[in-house]
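By written order: A, B and C. Residues from 1 in each chain.
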Amino acid sequence: MTPTIRQIAEAIGARAEGAVDTVVTGAAEPADAGPDQIALAMSSTYAKALGAGSARAAMLWADADWKALGLEAAILVPRPRLAMAGLTGLLDPGQRYPEGIHPSAVIDPSAKLGPDVSVGPMACIGPGASIGAGSVVGPQCYIGAEAVLGRDARLHAGVRLMARVRIGDRFIAQAGAVVGSDGHSFVTPEQSTVEQARASLGTNVTAAPQSWVRIHSLGAVIVGDDVELGANACVDSGTIRPTEIANGCKIDNLCHVAHNVRIGRDCLFAACAAVAGSTDIGNNVILGGQVGVSDNITIGDNVVAGGGTKILSRVPAGRVVLGYPAMKMDTHIDTYKALRRLPRLAEQVARLQKAVFKSDENH
Amino acid sequence: MTPTIRQIAEAIGARAEGAVDTVVTGAAEPADAGPDQIALAMSSTYAKALGAGSARAAMLWADADWKALGLEAAILVPRPRLAMAGLTGLLDPGQRYPEGIHPSAVIDPSAKLGPDVSVGPMACIGPGASIGAGSVVGPQCYIGAEAVLGRDARLHAGVRLMARVRIGDRFIAQAGAVVGSDGHSFVTPEQSTVEQARASLGTNVTAAPQSWVRIHSLGAVIVGDDVELGANACVDSGTIRPTEIANGCKIDNLCHVAHNVRIGRDCLFAACAAVAGSTDIGNNVILGGQVGVSDNITIGDNVVAGGGTKILSRVPAGRVVLGYPAMKMDTHIDTYKALRRLPRLAEQVARLQKAVFKSDENH
Amino acid sequence: MTPTIRQIAEAIGARAEGAVDTVVTGAAEPADAGPDQIALAMSSTYAKALGAGSARAAMLWADADWKALGLEAAILVPRPRLAMAGLTGLLDPGQRYPEGIHPSAVIDPSAKLGPDVSVGPMACIGPGASIGAGSVVGPQCYIGAEAVLGRDARLHAGVRLMARVRIGDRFIAQAGAVVGSDGHSFVTPEQSTVEQARASLGTNVTAAPQSWVRIHSLGAVIVGDDVELGANACVDSGTIRPTEIANGCKIDNLCHVAHNVRIGRDCLFAACAAVAGSTDIGNNVILGGQVGVSDNITIGDNVVAGGGTKILSRVPAGRVVLGYPAMKMDTHIDTYKALRRLPRLAEQVARLQKAVFKSDENH
């Protein structure tokens, strides 16, 4: 796609000025931009590098003086990252998977494919599966028995949707993502060490070694509309009822969502975040990279957990947390500062003891 | 499968009462259960929701009064999660992979397949590989040269068993799991920054930059019987001897087991747990989600590590640990409480200094 | 390969003594070694186990007295792990993927394959892709449109290189690795909770719930020469410019490299390390297992981060860090010791308060 400056501005709902009929072949950072690329310089800091490149047109902040920057045309945007979303969506050439049903794909005759579905080379679709109109099943994907996938999905290479998962419209899954693997749910015939450790807060573990008996996952997974799942991310099936991910969630690479978890609307999980079994996550929750959430707890709406946070107990709605175990972010910052001063504090106490008790012994 | 209440009770070794010839079509949570489903209500809390559904039969705790709950039949169980294992195993319809050897599979003529082995679409089996009777190799799986897989295995879509791994009976691997990837083992021609950092406890790193030389992995992996591996989990090959996972281990999604690690019997690792190279793990060890274990250390039998624990040094048998670095769980709880009070403690010391030294200066 | 002791010594540049024409069929640990295997006993500790095995030849430390150990031949090495690299490289039988282009592979006619390229069963290569001489594309791999892969690469089973990634020579990717998945980059139409949390250090989050708008990834990934990527590891495409990994980097299983990240030469990341978006990592940086690095920060050359470290802000060159949040390693050790003594310190302060103020009340 080679749009004009005017077409880009219209598509993203922004204002274009100057030589708006200039055609651009792609986007670039200011210093890298060629004469036919639109440079992205959404702040005056970035705009300084325009001179190092040869852009004739740029996307700039709302009140930028584009003529003074030596440009011939400009798109002026009030919220730069939102404009970036529009621009990149317009210019994305995509993966260019082959269209139509590839002859090497293996599709069970009982599977139902809507109009304009593409199925890539070496993909496999199981009995009774159903795929909505316009969806793209990439190369080497697997869609299991009786799985339901909505309209306009895009499954990248090697995605696995296991039996009986039900997924809404406009689902995107990056390469290697798995939905509907069996939950990791086991039980010992008698009380186990981990049950004892929980019951005694770790003080008393005497259970005899036992082997684990498997609890099967009958519940599959139900995923809403407009959900995106990152590369090699995993969502396990529920035990009796489905694991649930509501509309609009965006879950990054290598994340883990365990059996029976419920995730509310529009949550955003950064890479390697993991949620343990049967935990309930509210709407609009943000988990930073490598965040962990314990099993069987509740995270309220609008919670934000900074990178690396380990949430071991319930978090009320609206709280911003950080640390291991998770604390309110400002408490964490205070605690961390005090911790850095702790060796000095210990010296002060030693001197006080000496002065008060004429000794540094422990009284 | 549509068993009667009596058949379920017999299969799981529990007691059935009432209309035990009622046929059930599946299991459900109390509030969701239809008239032909068995509701699972293993405590009085869950039983309260039975009225919201329309179950006529339920699985209940050992001394439940099922008639008072308005039911026509009941299965009474002493250990609910164990009964759940039996019930879900009985009702699991599985993935319904096609039976037999799919014509699109590529199987080296020197591979040996036992009786009743299924090989799914687009699976690939290398030279000299051996697969035991009754095993299911799912769609798009890969089994490498001279790999040995025991009886009654179930490899889900896209599992990779690399060359020369040896795996026991009843192995289950979820989609995308990898066994026998090369170990991450490199060496610099001269002492490297990381060797210096270890030797000097981090105070002195002056090594010149060098490139890494690869140590190849000749040892493959040996896995016992009844092991389960989660989706996209990885187990690396050993350098000279095999990486070892003993009978009965259950390893969750996205876990990592590095080269030369030895894991004892019946260990349970939750998702995203990672064990670094050459570490020895005892029997019946439980690692919570996102637990990390350093290289070249020993973890004793029956150790339990809570979620997010980072184990940087040896842990004796039977210990319950938590935190980063790992501490005994009760020490961790005391320390954490003291940490929360630390800013207040610092204020108290400042006041003491003022009172004792007539100054809050550092003496 | 069954080399003689002399051939091994020549290949790794070491000294051989004794019956140097002895042929060996493989390598083994001292206690496991058969009469035709070379035992690896690079320290006197390991050499003690030679008696338990039946090795006639061994690889030993530089001034070992091999005759006294009852051996017939020996290779004497000054830096054991470097010798291990040479020896294991020599003896590695590899995966034995079939040579040539497998008839089941699907290769777009516009893809360009250099001489001596192998393409395994069920691999798929997209339009305009280019693969350098001698490269091995394993079974079930995917190479996307216009992707460029250099010479002598080795892609293990199920590796995915997405559209337009550019990779240098001698690239190794373990099973299931993904290069060029879309970045996890989203924006809300108005300011979001996470933007508010960052701006207010977590004290004030009042944003109304909003849905996320997707920022597409146009920049792909550029990878240098001699890079290795672990099993199921993921590298995301950049937004406008490519995500960059320079020559010589070795990245372990299940690592995550986000969009726009730049990684310098010869970095070594252990398993499950994750680097968030737009962060710059210097040359020769070592990240331990499960290390996390926040977005939009800079890590200097030669930084070493111990296992589990969470780096939330800039780290200057040469620093050795540990902890969450990351501290200098010696500070972390001091702090950790003080933390262990903290409950006792609190008791001491309580006694001081009582003595000084005749009360343990908070003054």
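Everything that follows uses one rule, which is that a contact is a pair of C-beta atoms (placed from the backbone, for glycine too) under 8 Å apart; a residue touches a chain by one contact, two chains touch by 3 or more.
The structure displayed is predicted, hence computed values, not measured ones.
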| item | value |
| --- | --- |
| Chain contact topology (line, ring, star, complete or other) | complete |
| Copy pair subunit B, subunit C: interface residue numbering same or different (half cut) | different |
| When subunit A is superposed on subunit B by its C-alpha atoms, the rotation angle in degrees, nearest 5 | 120 |
| Whole-Å separation of chain centres (CA-atom averages), subunit B against subunit C | 23 |
| Per-residue overlap in subunit A, given as positions that touch at least 2 other chains | 104, 122, 140, 158, 176, 232, 254, 272, 290, 324, 339, 342, 345, 349, 352, 356 |
| Subunit A-touching residues of subunit C, taken from the complex the two chains share | 104, 106, 108, 122, 124, 126-127, 140, 142, 144-145, 158, 160, 162-164, 176, 178, 181-182, 184, 186-190, 192-194, 197, 201-203, 205, 207, 209-218, 232, 234, 236, 239-241, 254, 256, 258, 272, 274, 276, 290, 292, 294, 310, 312, 324-325, 327, 331, 334-335, 338-339, 341-342, 344-345, 348-349, 351-352, 355-356 |
| Residue ranges of subunit B in contact with subunit A within the complex | 26-29, 32, 40, 79, 81-82, 84-85, 88-89, 91-98, 102, 104, 120-122, 139-140, 156-158, 172, 174-176, 226, 228, 230-232, 248, 250, 252-254, 265-266, 268, 270-272, 283-284, 286, 289-290, 301-302, 304, 306-308, 318, 320-324, 328-330, 333, 336, 339-340, 342-343, 345-346, 349, 352-353, 356-357, 362-363 |
